[in-house]
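Given below, in the form of C-alpha cells, are the structures.
You will see chain A twice below: alongside chain B first, and alongside chain C after that.
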Partner chain A sequence: MDENTSIGRAGVEATVIKALTWFLLLLLLLPIAMVLAMSFTSVTTLQFPPPELSLRWYADVWSMVSDEQNDFTRLRESFETSFVIAAATSLVCLVAGVPASYALVRFRFLGHRVVEELLLSVPIIFPTVVLGVALLVIVSMSGLDLGIFQIVVAHSIIGLPFMMRNCVAALHGIDPSLQEAAKTLGASSIRAFTEIILPLIRGGMSSGVLLVFILSFNEFTLSYFLYTIDVFPLSIWLFQQSNTSFSPAIFAVSSLMIVINIAVILIVDKAFGTQKAAR
Partner chain B sequence: MRLIAGLDEPTGGDIEVFGKSVNGQPPHRRNIGLVFQSLAIFPHMSVHKNVAFGLRMKGVERRTIDQKVEEVLDLVHLPAAEYGARMPSQLSGGQLQRVALARTLATEPSLVLFDEPMAALDRRLRDYMAVELRSIQKSLNVAAVYVTHDQETASAMSDRIVIMEAGKVVQVGTPEEVYERPGNRFVATFLGDMNFLEAGSVGVWSDGSRTVHIADGSLVVADEISGRREGGSVMVRPEHVELMTLEPNGPGLSGRISETQFSSGFYRSRICLSDGQEVLTRSTENTAVVCGVGAKIWLKIKQGRARMLRS
Partner chain C sequence: MLLLPASFLVGLLTVCGLAVLRMSFGRKNAEWSDWSFDSYVALADPYFVNILADTLWLALLSAVITSVISFPVALFMARTRSEVARRMVLICIMLPMLVSLLVQSFGWVAILGPDGLANQIVGAILDVERPLALLFNRTGVLLGLIQTTVPLAVLPMVASLKAIPLSLEEAASVLGASRAKVYTNVILPLAWPGIAAGLVLVFGFNTGAFVVPLLLGGLKVTTLALVIRDQMGVLLNWPMGSALSVILIAFALTVQALQNVIGRRVSTEENSHG
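Moving on to the complex of A and B:
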C-alpha cells in the first residue's frame, strides 16, 4: 500500500517535471520560432500563422543591403557598425583579459580574492541600464566624441568578465612547472609565456572571444544610451524599425541575426570543442 | 633545487656553481638543466619540439637543432624517426621520463638537477631507469644533483650522497661510507634496516679492540671509544649478524628465535635477547628456519661491522 503510494507519487512528480520542462522549452523557443515563421510570410501585415510562405522579405532585405542609394534604411551600415564594434570589443577584452587573468591566477597579491570576485561578478550583476546612464553622463560631461569607441568601451566593461572567466579556468589547469621548465631551458619570462601559456589557453581564449563577440553583437541596452547618428548598431536599427515601419523585413533581419549567432557558435565549437576550452 | 636553478631567490647566503656565484642570475641565463618531478613535458608540443625547445630558445640554427635532437633522443633510446612526431599523451610514463631527460640534455647544461623525477614510476621501471640514467650521466660526464627520498636510488646512482634532515645537511659521503658508517640514528635508519642495541658496559681486550657487553653476551665494535665506559648504543645491519647453532669462540650474543620469514631470497628473522631487546637478521642461510621458532641461537657479528652510535 505504502509502496504503491510512493511509486504513484514518483510518477506524478516525473510527469510534472516533464510538463514543466516542455513548457519552459516552449516558452524559450516559441518567440524565436514565431520570428522565423513570420520572416517567411508573403503579406505585408503581421498575421500569424503566415497565410503563404515566400522569400520576399529576404529579397527586400537583400535589396536594402545591396542598394547603395538607399540611405534611409541604413541596414548595411548598421550591420557593419555592429560587426566592427563586436570585433573591436573582442580584441579589447582579449588584450586586457588575458594578462589580467594571468595576474589573478599566478600572483598572490594583497586582496587578490576580492579583485577576482569584483572583476568576475560585478559587471554581470550590475544593471546595464544604470551603467548606460553613467556612461552617457561621463561621455556628455567630458564632451569627447569617441565615435564608435564609446560603445566599444561600454561593451568591453560587460564583456571582460566573460573573457576572464574562460581564461582563468584555462589557466588554473596549467601546471606551473611547465613555465619553470621553459625558463630552465633558456626561455625568458616573456617567451615562456608566449611559447607555453598562450598556446595552452587557446581554447579558453577562443571561447571567451566568442562569448564577447556574440554579447556585443546582440547588445541593446548600453548601445541604446550611447548610439549616435553615425554609430548606429544593428540592434538599434531593429528597434527603430519595429517602432516606425513595422514591416516583416525586420523578422527577416532578426532571423539572419539568429543564424549568424548560431553559425559563430558552431564554428568556434567545432574548432575548439568545449572539452579543449575547459582544459 | 629551485634555488640552484634560479626559480627561487635565496633569502640569505650564496650559491656557487663551479666556484662562481650565480646569485641574482635569472634561470634562463644559468645554463642549469632541471628535470622536474612532474616532468613538465609541454603537452602541446611533439616529442621533437619538446626536445628542440631549449635549443630554439638559444637561437640555434634549425639544421643543428634537428641533428642534436636526433642525437639526444638516440641517447635515451627513443629513436627520433619513431617517436619524434608523437605527442606526449601518446607516451608511457617511462618514455615521458626519457623525453624530459633528453630535453634537458639537449642544451648541454653545465649541471643537471633531478627533482625526484622517477617518483611516479613503478619500482621495476625506476630501478631500470636509475641504471640507465647513471650510465648516460657518466658517458656525458656531466655534473648532476639528484634529489630523492628513495635510498636505493640514491645509493645506486651517486658518487656522493648528501643526507639532509629537516633542511640541514647531516652527513656527506660515498654511498658505502654513509651506509656503513652512518653519523646518527636518522642516517642509519634512512638507508635501510638497522639494529640499535643498548650496551651495558664497555671493556677493552688485550688486542686493543673494543668489546661491548649487551644482555648476557658481548660483541666487538670497530670504532675507538674514547672516554666512555658505560652505556650507549651499538648499530649493526641485519645482514652482518650471523646465526649459529653452537656457541662461538670469542664474543657473541645469544637469544631465542621469535619469528622467521622468507622473502625475495633472504631469510629474515627476529631474535629476542635475554634482556628483551630484539635483533633483526637477514641471511641467505636458512639456519633460523631449521632451528624453529623458540629455539636458542647464538649471534656472531661479522668482524668490524658493529659500530657505536656517536650521538
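Moving on to the complex of A and C:
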C-alpha cells in the first residue's frame, strides 16, 4: 500500500515539507557554496558575484605548493604536517578502537555501561577548549618536546568514539555463531578473530579510519592550543592567513579541503549503503 | 587487555578533567600547592556572570531555532520512501557539521559581510546601501551556531518520528481530527523524546562553542570557551580559567546525563509498543 496516499500526508502537505526541506538544505550549504564560488574569482577583492571567472588563485596555490623555494608562506609544509597528523591519528584510533569495540560487543563485564559511556560518548561531549588548555598545561609542565605527537594524541582522544561507533555497528551485524563455528573447527581465539571477525568488519573499520582522518585534517580547536612553530597544521595556516591577508588564495585552499571532505563523505556513505544492503 | 590502548586515551582525558578540577582550587602561580575558593568566589563578578548568561542564552536560542528548522527536514527524512533522497539529505546536513568551521567561516564572511550576498539582496529589495550589520556580532554567531548543529537535532527526531505507527495518525483522522490536530495532538507529543534529545544535544554542544564565536564574533561576542582561552593563555590565570572549565565540564556531563534519561525513555516506549 502506498503509505503517503492513505491519509492526509499526501498532496499539499508532502509538497510543502519537501520544498521546505530543500530550501533549508540550500541555506545550510550556502557558506560552502560561497567558498567554492569565490575561489574562482579573477580579482583580488572579495566582491560577489566575481566579475570574471579564473583559475589564477589555484595557480597561485599551486606555485606555492609545487616549488619549495617559493613556499614562503609554508603552505606545502602545513599540508604535509596535517596529512601526517591525520594519518597517525587514524592509525592510533584503529589500533585502540578495534580491540576495544570487540571487547564491548562480545563480553559483558563489571561496569560495562560505564566503560561504554566513557569510550563512546564522553570524549564527544567533553568541551574541546578545556581538553586543549588542559593538554597544553600538562605538556608544558612535563617539559617534553613531543613534536607532532601532542596533536596526534589530542586528535585521537576525540576521534576514538567515531572509530568505535563504526566498528561496534559492524560487529553487531556479525552472527556470533560464525566465530563459535571457527573455534569448534579448531581455530584459536586469535585466529578466529583475525580470519573471521576482522574481514567481516572491514567496512566499518575503513569508514572509521576515513572519518577520523577527515576529523583530524579539519580540526582547529585542539591544534590552535597545541601547535608549535615546527608543527604547523593546515587549519592553523588558514587561520593565520585569514588574519594577515584575506586574499582569495585562502578560498582556493579552502575549496580543496571541501572537495576532500565531500569525497570522504561519499565514500563512507557508499560503504554504509552497501553494508546495509548486504544485511 | 583489549581495552588497554583505548583506556590510555580516555585515561588522559580523565587526567585533563582532574587537572583542571585541582587547579581551580589553587592560587595563581601556586596551582598545585595552595587550596582556596578564590576563583569560584570571583565567578560572582558581574563580568563572568554576564558572560555565563550570554553563553547560555546563545546556546538556548540556537537550540530552539535549530530544532524548529530541523522538524520539516526530519519529517521529510522519516517519510520519504526514496532511499536515495534520504541519503542525499543526510549528506547535505552532515557537510556543514563536518567541513572545517574555519573554512565555512570564510563563506559566512562572504555572505554576511558589508558587501556580502545578504546585504546585496536585501539592499536591492529595499534600495538601501548596506542595510544589515550581520558580521562580527551576535546575529552572525547565532547563524553559525545553528548551521553547524542541524544534524544533532535532525537525527534523534527522525528516529522518534519513524517509531510513530501510521495507524495512530489514521485513527485520529478517522475520528475526525484535522491535519493540524493530528500534528499537535498525535505527532508532536509522540515525537517529543526525539525533539527533546535534539534540543539538549544542540544546547550542550553550543555551550562549549569556541570556533564560531572566535571567527564570526569578531571580539564582540564573548562566550565561556573564549574566556577560558583568555584566562589560561593570555592572562595566565590558570585557577580562574580552570574554574570556568569546571563549569563547562559540569554542563557537558549534565547534558550527557539528560541524554541518557531521554534515551531510556525512548527505548522503554519502543519496548512497550513491541
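Please note the rule applied: the second predicted complex is superposed on the first by the 242 of 279 C-alpha atoms of A that agree within 3 Å, B and C clash if a C-alpha of one lies under 4 Å from a C-alpha of the other, contacts with A are read in each partner's own complex, and residues count from 1 in each chain.
Note that a residue touches a chain if its C-beta (ideal position, glycine included) is under 8 Å from a C-beta of that chain, and two chains touch if they have at least 3 such contacts.
Nothing here was measured: the structure is a model prediction, and the numbers come from that model.
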For the combined arrangement obtained by superposing on chain A, do chain B and chain C clash, or do they fit?
fit
Which of chain B and chain C A:Ser156 touches, first, second, both or neither
second
With both complexes overlaid on chain A, does A:Ala187 touch chain B (first), chain C (second), both or neither?
first
Would you check which partner chain A:Pro199 touches, where first means chain B only, second means chain C only, and both and neither mean what they say?
first
With both structures placed on chain A, which of the two partners, chain B or chain C, ends up touching more residues of chain A?
C
So, does A:Leu146 touch the first partner chain B, the second partner chain C, both, or neither?
neither
Touched partner set for A:Val259, first chain B, second chain C, both or neither
neither
With the two structures laid over each other on chain A, which partner does A:Phe48 touch: chain B (first), chain C (second), both, or neither?
second
Quick note, chain A centre (C-alpha) to chain B and to chain C: the enclosed angle in degrees to the nearest 10 is 100
Which partner does A:Ala271 contact after superposing on A: first (chain B), second (chain C), both, neither?
neither
Is A:Leu136 in contact with chain B, with chain C, with both, or with neither (first, second, both, neither)?
second
Superposed arrangement (fit on chain A Cα atoms) - minimum chain B/chain C Cα distance in Å:
20
Jot down the residues of chain A that show up as touching in both complexes, chain B in one and chain C in the other.
none
Residues of chain B touching chain A in the complex
5-7, 26-28, 30-34, 36-38, 40, 42-44, 53-54, 57-58, 103-104, 107
Residues of chain C touching chain A in the complex:
2-3, 5-10, 12-13, 15-17, 19-20, 23, 69, 72-73, 75-76, 79, 81, 87, 89-96, 98-111, 113, 115-117, 120, 147, 150, 166, 169-170, 173, 179, 182, 204, 207-208, 210-211, 225, 228-229, 232-233, 238, 241, 245, 248-249, 251-253, 255-256, 259-260
In the complex, go through chain A and note every residue touching chain B.
175, 177-178, 180-189, 191, 195-196, 199-200
So, in the complex, the side of chain A touching chain C is made of residues 3-4, 6-9, 13-14, 17-18, 20-21, 24-25, 27-35, 38, 46-48, 92, 95-97, 99-100, 102-103, 115, 117-119, 121-123, 125-131, 133-138, 153, 156-157, 160, 164, 214-215, 218-221, 225, 235, 238-239, 242, 250-251, 254, 257-258, 261-262, 265-266, 269, 273
